[in-house]
């Protein structure tokens, strides 16, 4: 089984467009949408949900017993999650990381760690393949844990059904969702753009990919809006042993096709579509040659 | 530097957010700042900060963001299994003759020091990111957070930015994309949130998710549609149906994309946007007064 | 002697799961009496360090050898420190793997055979 994760650093560079078109082009595959807080893969794949599971996230601290306002927990908490502990204790659940220090230190056992539902995960069928995806509740935490869980599910299914390829649509950024999406994969494709912002984020996310010691591919979307920046990306890639497998031209048709819920690789006259087909051939060759 | 926005009474925090990445958050946030002139600007998208390319601040202070990591005095022969048992992040493995510590998984809560054999667990500061601060023209007090690649401590860096928010005047916060904890961190203290989206199925899907977060947090908000004309009308229909105010529509224009790619601003391309952004601010103030 | 085998299911007809830390089950096979039991691998949903926890769990169950697909560097460290013999790169059914093990046809490895996963050191360049 091979696993490919598509990431970008900066959001909106075309990850999901590339991922969904790859999923359409591939065979014997399973898809995972690891952008669990703004999932988009389902929009083109139109899944039918077969199985839903609750996701209970990491625990956070709650005051459940008699607080004597001693203030010890506030002093010990390193995440500024506890306030007013000497009058009327408040725990900020957004800041609480569930470390358990307050629970441990509380002399009256008034604090307890409690886990709550943070979202749901789904196994669905689509026209092309099985899709494992999830939805976090608004403002929920622990997306990294949820990603680990849906990736495990996808790997289990792939093992059972002898599926050879897992295609993973990653999250933007470089933090915990991205790290969880890259852990243990065979290759990653970084989708970038020739803008100063995207280049900066590309370099950061490449630093993360490097930690995992995996094959790194890059593709430059809308490469023709700034040829000078495109050249800079290509130079950076050649210096760092990153294979540039595609340069997708600026094409308003991509968004239009999406709005009609169609795949750009099916638009015979779209250069962007053709380039994505080329990219897929290259990646496929790498994944299956090993 | 004492910065007070003209026409802003007291303090006004505006966060610029979006569910989907790459819709133009930074474009809106930075152009709003440049148009208004006097404000504090904070880039909370610490995993992929980009506002510096458009505001071009003169960085005068760099502050490291650190957390505390433990190290274990194994030569004492002490038993560290209590530390491993306590750690909620599986960052510690206590084996027969050694302790394996996984720095990437450590949140720096200090729990292991608390529960371990007295005096045998020590701590050291570890850099997880940095804050860069300095003035930008015309009169912007600029700060950005930058997460170290490989670190998952996004909220630690954001928490360091929280401490820099001034007491008075206009504060503009550039939020990370998504709807989970990092985004909530960037909007939790705002008085008003501008959601930036694009008129595509992805943009609409993620807009609905971010509206869910803001409604849960009870924050007033309005929408800016970027790349207007590229996809379909569904975002506009959604806003109208749900009585969500559309603050502005930025047209889809390849020339704007070129400006963006170089780090040039929308108001450089079309100076009429300066007035438009000033009016957006006035409209927000008016809405908040009533 | 008890052998721990990473498994995709709970019977001897299940396949050897290629993931050490993240396999769903472990089969503990006793080669002295040909009995076996299985255990769910609770560490698999951990965000990191799954291999380590799994390694510790196996050692605690009294296993002396591990049969699995791939072992990362962290898990290998744990297994090595507990003197477990590691046989990796094994595919096919649990039954076949056990037979081969008994006949001495499996080769013991002396180092990790997959690259590092998260939770194993390393870091960014410019910091």
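Brief remarks on what is shown
Every chain is named by a letter (A, B and C) in the order it is written, and numbering of its residues begins at 1.
FYI, contacts are C-beta pairs under 8 Å (C-beta built on N, C-alpha and C of every residue); 3 or more make two chains touch, one makes a residue touch a chain.
Predicted model, so just to flag it, every value in this text is computed and none were measured.
In terms of which chains touch, the assembly is arranged so that all chains touch all other chains. Sorting all chain pairs by how many C-beta pairs they have in contact places A-B at the top. The central chain here, found by comparing per-chain C-alpha centres with the mean of all protein C-alpha atoms, is A. Per-chain Cα centroids separate chain A from chain C by 28 Å.
Averaging Cα coordinates per chain places chain A and chain B 18 Å apart.
Chain B and chain C have Cα centroids lying 41 Å from one another.
The multi-chain contact residues of chain A, meaning those touching 2 or more other chains, are 144, 176, 179, 207-208, 211.
Chain B has residues 89, 104, 149-150 in contact with two or more other chains. In chain C, the residues that touch at least two other chains are 46-48, 118, 122-125. Contact residues of chain C toward chain A in the complex are 8, 15, 17-19, 22, 24, 44-48, 114-118, 122-126. Chain contact summary for the complex, chain C toward chain B: residues 43, 46-50, 52-53, 56, 74, 77-78, 81-82, 118-125, 127. Against chain A, in their complex, chain B makes its touches with residues 19-23, 26, 45, 47-50, 53, 67-68, 86, 88-89, 104, 107-111, 114-115, 147, 149-152, 154-155, 159, 176-185, 188, 198-202, 205-206, 209, 212-213, 216-217, 227, 230-232, 234, 252, 254, 257-258, 260-263. Interface of chain A with chain C (complex): residues 1, 144-145, 148-149, 152, 155-156, 159-160, 176, 179-180, 182-184, 207-208, 210-214. Those residues of chain B lying in contact with chain C across their complex are 89-91, 93, 95-98, 100, 102-105, 127, 148-150.
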